[in-house]
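Here come two complexes built around chain A, the first alongside chain B, the second alongside chain C.
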Partner chain A sequence: MNQLINLALIIVILSTFFILGMKNFKPMIKAFAIQAIIIGLIPLITHSKNFSHEAFYLSLILVVSKGIIFPWVLMRTIKKSQISSEAVLLISPSKSIFLGFLALVFAFLFSSHFPIKPPFTNFTIAVAFFTVLAGLFTIMGRKSAFNQVIGYLVFENGIFLLALNLARGIPLMIELGVLFDVFAGLIIMTVAIDHINREFEHIDVHSLNQLKG
Partner chain B sequence: MTTTILLLTLILPLITSLILLLFHPPQNRALQLNCLIHFFVLCSSIYFFQLVRTETQLLFFENWIRLDALSTFYFLIISISSFLIALYSQIYFSKEALPESSVLRFIMLWSFTTSMGVLVLISNNIALMWVALEATTVFSAFLICAQKSKASLEAMWKYLILCTIGVAFAFIGTLLIQVSAQNLNVPIHDILLWNTLNEYAPLLDIKFVKAGFIFLLVGYGTKAGLAPMHTWMPDVYSSAPAPFGALSSGVLINLAVYALIRFIPIAEKATAYSGWAHHLLLGMGCLTLVIATAFILFQKNIKRLLAYSSIEHIGIIALAMGLPGIGVWAGLLHSFNHALAKIFAFFCAGRLRQIYGTHDMNNFSSTMHICPLWSSGLLLALLTLIGAAPFAIFLSKFKILQALVGSQTWFALAILILASSLIFITILKYVMMMSWKKLDSHLPKEPTSFLEKIIVASFFIFLITLCLWIPSALRENIDQASQIIMGVRL
Partner chain C sequence: MNTLLNIVIPLLFAPLLIGIINRVKAFFGGRVGIPTLQLYWDLFKLIRKNFIYSRTSGWIFRLGPIIGFAAIFTISLLVPSTTNEAFISFSGDIFLIVYLLGFIRFFLILAALDTGSSFEGMGSAREAFFSALAEPAFFLCLISWVILTGQYSMQGILLHTNQTIWNEYSVTVGLTCFAFFLIILLEACRIPFDDPNTHLELTMIHEVMVLDHASLDFAFILYTSALKLWLLSSLLIHLVFPFNELSLGQQVFLSIAGILGLGLIIGIVESVMARLRMNKVHQLLIGAAIVASLGLLLVLG
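What follows is the complex of A and B.
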C-alpha cells in the first residue's frame, strides 16, 4: 500500500513540474486534472484494507469534481473568452523548473519537523508543501490571470494533500465545505476573467495597474 | 425555539437570495426584502445577546455551533451594520443609474454573505469557521463591480486573488493548530472544536501552536487589512459602490478580526501566558499604524482616505489586542465604534459622490451649502474617526492610551500618539476644505428625503451617546468577551 501511495506522490510531483515548465494552457490543465485525480484517489488507497464509505464518497466526489468538472470549466473559459492559449512568462521555463527543485528540497527539509502517523510518511508532507509552493509560484511568476487561476487550484490541491496528511478527523462535511469554496472561487474567477477580457481585451495582470496610492 | 431562530438566521438570507435569483422582483421590492431580512438578523442577534448574558455558552448540533459573549458581541456589530447598510442601500441605489439586474445580483450575493458571516461567528468548529469565512470572500467579490468599469474589475481581481490566497494560508494555520492537538486524549471528532482546544490548550504542542498562529495571523490578517497585506483595500474601496465599502468595513473586516482573536486564548494558554501572541499583535498593530499614516498624508480620493483610515483603525485594534487587561476591552469597544463610524462615513461619501460625480476631495467644495445633511454627516463621521471628543472613538482610544501607559509600552504609545495626531491634522484640513471652501461652479441644492434624515440623526445619537454612556448590557458583554480573549473565562 505504501508503494502505491509513493507512486501516486511521484506522479503528483511530476505533474507539478510539468505545470511549472509548460507554456501552453491546455496541457497545463490536463496535468492539473491528472494531479487532482491522483490526490483524490489517496483517501481510497489509505483505506484499502479497512473500507470506509466516507473515504469512498470523498474520493468519488474529489475525482469527479476536481478531475473532470474543474478542468472542463477551465477549458470552456479558454474557448468562450478566446484567451490565447500561450502563457506569458515572467520567468523562463528552465528557471521555473530549477526553482521548483529548490522548493522540493526546502519542502523535504521542512517536513522533517512534522509528527508522522502511518500510512503517511515525511515524503507525503514534503510533496504537499512542494505543491503549495509550486502553486504560489505559478500565481506570482506568470503574467496571465488565467495562470493565476491554475496556480490557485494547484495551491489548493497542495493544501488538500496537507489536510489528508495532518488532519486526524476532519469530517466529510468540512472537506465538502472546502471543496464548495474552491469551486465557487473557480466559477467566480472564470466569470471575472471573462469580464476582464471583454473590458480590457487582454488578461495580463501586470497591465492591471491603474489603481495606485 | 432557540435552535429554530438560529437556523432561520442562517437559512432565511439564503432563501432570499434564491427568491431573487428565481423571481427577479423589481428593484424596490428587492431592496425592501433585503431590509426585512437584515432586520430579522438584527432581532436574532439581540435575542442571542440577551440569552448569553445569563448563560455562559450555548451549544448546538453536537457542539459544532457555539455562542458565547465574544460571538454575540461581533454578531451584534455585524447585524447592526448590515441593517443600517440595508436601509441606506434603498437611498443609494434609487439615485444610482445601475441596471436592475446589477442591483439584484448585489442584493443576492449580499444576503448569501450575511448568512455565511453569521456562520463564521457561531461555529465552534475552527475548520467550519474557515469555510464560512472563505465563502464570504468569494461571494462578496462580485459586489465590487456592481458598476462595471476597468477600475472596479481590476480591484475585484486583486481582492479575489489576494484574499482567497491569504485566507487559504489561514487554513494551513488551522491544520497546524489541529496537529498541535494530536496527542490529546480526546475523541477524534472533538479535536477541531474551539472549546476543546481552549480547554486543553496548556497541553498542546507549543511549536505547532506558534507556527499555526503565525499562519492564521497572516491569513485572517490579509482579510482584516493588517499591513503589509493591506494592499487590496484602498483599490477595492475606491472603485466599489459605497454600500460595499460600508459592508466591508462594518462586516467583513470584523469577521476576520473575530476569527483571528478567537485563537489568542489558545496561543496564550499553550505558551503559558508568556504574552507571545499579544506581543505579535502589538507589533503588527504598530507596523500597520505607521504604514496607514504615511499613506493618509497624501490622499486626494475620499474613499481611498477612508480605506487607509480603516487600515489605521485595524492597526489600533490589533495594538489594543496586544495589551492584556483594559487594552483588550478597549479594543473590542473600538471595533464597535469603528464599524459604526466607518459605515456612516461611507454613506456620506457615497451620497456626496452622487451629487458631485467625483471622489476627488479637491473638487468637493462648500458641501455644507449644497447638501447640509450629508455634509454635516461626513463632518461628524470624520471627526469621530480621528478621535475627536465627544464622539465614540475618543473613549475607546483614550482607554487604549491608558492601557499603553499602564503597561509601560512607551514605543507603541509614541507611535499611536504620533500617528493619531498626524492623521487628526490631515483629515481635519480636508474636512474644513470640503465643507466650507467656496464653490467654483454652480450646483443646485440637493433635496433630502425623510429616511435620509432619520439615518443621519440616528448616527448622530449613536456616535455621541457611545462616548458618554455605554449601556450596562453592552458593558457586561464586553467585560465577558475580553475575559474570553484573555483566557480567564472558558
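What follows is the complex of A and C.
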C-alpha cells in the first residue's frame, strides 16, 4: 500500500514537472487533469483498510470537479476567448524544470523539519510543498493571465494534498468548503479573462499595469 | 568458466543484436530487410579492405578506434553480463565503468577532430553535449542501486538484487530502470536521440564522427558500438530479472534471450518514433536525470 501511495505521488510530481516545462495550453490542462484525478484518488488509497463513505464521496467529488469539470471549463475558455494556444514564458522550459528540481530538493529538506508527522511517509508533505511552489512559479513566470489561472489551480492542488494527508479522519465539510471556494474563484477568473480579452484584445498581465493611475 | 563465459558470449553475439533490431525495423516498415547476420559479414568484409588515411590526420586518428575497442573489452571484464561473476570485480568499479564509457567517447571525439574537418567537429560537439547530460542520470541510477543493495561493485549490485528489493522498493527500481533505458538508447545512438540510418548530414550525430574511418578502424567502431549496446542491455536485464538463484545454463539462456528481447523492444521504439528535435533531446535527457533522482529521493526519504 505504501508502494501505491509512492506511485501516486510520483505521478503527481511528474505531471507538475510537465506543467512547468510546457509551452502549449492544452497539454498543460491535460496534465493538470491527471494531477487532479490522482490527488482525488488518494483518499481512497489511504483509507482502503477502513473503508468509509466519506472517503468515497470526497474522492468522487474531487475527481469529478477538479479532474473533469475544471479542465472542461478551461478548454471552453480557450475556445470562446480565442486565446492563442501558445504561452510566452519568461524563463525557458529547461531552466524552469531545473528550478523546479531545486524546489523539490528544498521541499524535501523542509519536510524533514516539519513539526507534524503525517500518517504514512514524509514524502507526501514534500510533494505537497513542491506542488505549491511549482504553482506559484507558474504564476510568476508566465505572461498570459490564463497561465496564471492554471498556476493558481496547481497551487490549490498542492494545498489539497497537504490537507488530505495531515488531517485525521475526513473533514468532509472543510474540504467541500475549500473546493467550492476554488470553483467560484475559477468561474470569476475565466469571466474576467473573457472580458479583458474582449476589451483590450490581449491578456498580457504586464501590459495591464497601464491601467494604474 | 563462469567468468570466461562473460567475455566470450558478448564477443560472439553482439552483432546479432544489431541484426535483430534492423529486422524488427524492417518488419514494421513492411520490408523483408537485411539479413540478421549482416553485421558479421560486414565486419569480415571490412577486415579485408585497405586502409585510407588522409594527410591531415595524425596518430590520434589511427589510435582512436583501437582505444575504443580496448576500453569496451575492459568493460566486458567488469560487467557480469551472462553469469553472476565478473572477471575482475572490486569495490568502486561502477565508477570505472562509467568513466570507461566516457573514455571511449573522448577518444572517438579526438579522432574525429584530428581529421581537421568542421563537419566532424559539429558531430563531436553534439555528441559531447548529449553524453555530458546523460552522465548525471547514469550516476543517479547507480547511486540508487548502491543504496538499495549496499554494494559498491557491479557484480555485487547484480548479485544482491533480488525479489525482496523488488517488493519493497518497486517504484524506485522501476523509475531507475526507465531512466537507464533512456541512457542505453543514448549510448547506443538510437532513436529518439540519434538516427543510425540517416543519410542527411543535418541530422547526424554519431555517424558523422566516424565518417572518415576506413576498413579495420571502422570494423572496430561498429563492433565497439554493438558491444556497448550488448553490455548495457545485460545490466538492465539482470536488474529486471534477478538471476542469482538459477543454474549456469539457465543464466546463460536468460541473459541471451533477455538481451535479444530488449533488442526487440528497442527495434519497436525505433520504428514508432522519429528522432527528436535537437532542443527536445536535451530536455529529454534532463527529464531522465530528474526521473532517476526521483527514484533516489524515494530511497533516501
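One rule holds for everything that comes next: the second predicted complex is superposed on the first by the 203 of 213 C-alpha atoms of A that agree within 3 Å, B and C clash if a C-alpha of one lies under 4 Å from a C-alpha of the other, contacts with A are read in each partner's own complex, and residues count from 1 in each chain.
Operating definition for what follows: a residue touches a chain if its C-beta (ideal position, glycine included) is under 8 Å from a C-beta of that chain, and two chains touch if they have at least 3 such contacts.
Source: prediction; values computed, not measured.
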Superposition on chain A - do chain B and chain C clash or fit: fit
Which of chain B and chain C A:Phe123 touches, first, second, both or neither: second
Touched partner set for A:Ser81, first chain B, second chain C, both or neither: neither
First (chain B), second (chain C), both or neither touched by A:Phe101: second
Touching partner for A:Pro115 - first (chain B), second (chain C), both, neither: first
Larger contact residue set on chain A - chain B or chain C: B
Partner chain(s) touched by A:Ile188 [first = chain B, second = chain C, both, neither]: first
Which of chain B and chain C A:Ile196 touches, first, second, both or neither: first
Arrangement angle, chain B at one end, chain C at the other, chain A at the vertex (C-alpha, nearest 10°): 150
Minimum C-alpha separation between chain B and chain C after superposing on chain A, in Å: 21
Residue numbers on chain A that touch chain C, as the complex places them: 3, 6-7, 10, 13-14, 17, 21, 93-94, 97-98, 101, 104, 108, 121-123, 126
Complex contacts: residues of chain B adjacent to chain A: 125, 127-128, 130-132, 134-135, 138-139, 141-142, 145, 148-151, 153-158, 160-161, 164-165, 168, 171-172, 175-176, 178-179, 182, 188-189, 191-192, 207, 234-235, 238-239, 295, 298-299, 301, 304
Parts of chain C lying in touch with chain A, wherever the complex brings them together: 170-171, 175, 282-283, 286-287, 290-291, 293-294, 297-298, 301
Residue ranges of chain A touching chain B (in the complex, touch as defined): 113-115, 117, 132, 136, 139, 145, 148, 152, 155-156, 159, 162-163, 166-171, 173-174, 177-178, 180-181, 184-185, 188-189, 191-192, 195-196, 199-200, 205, 208-211, 213
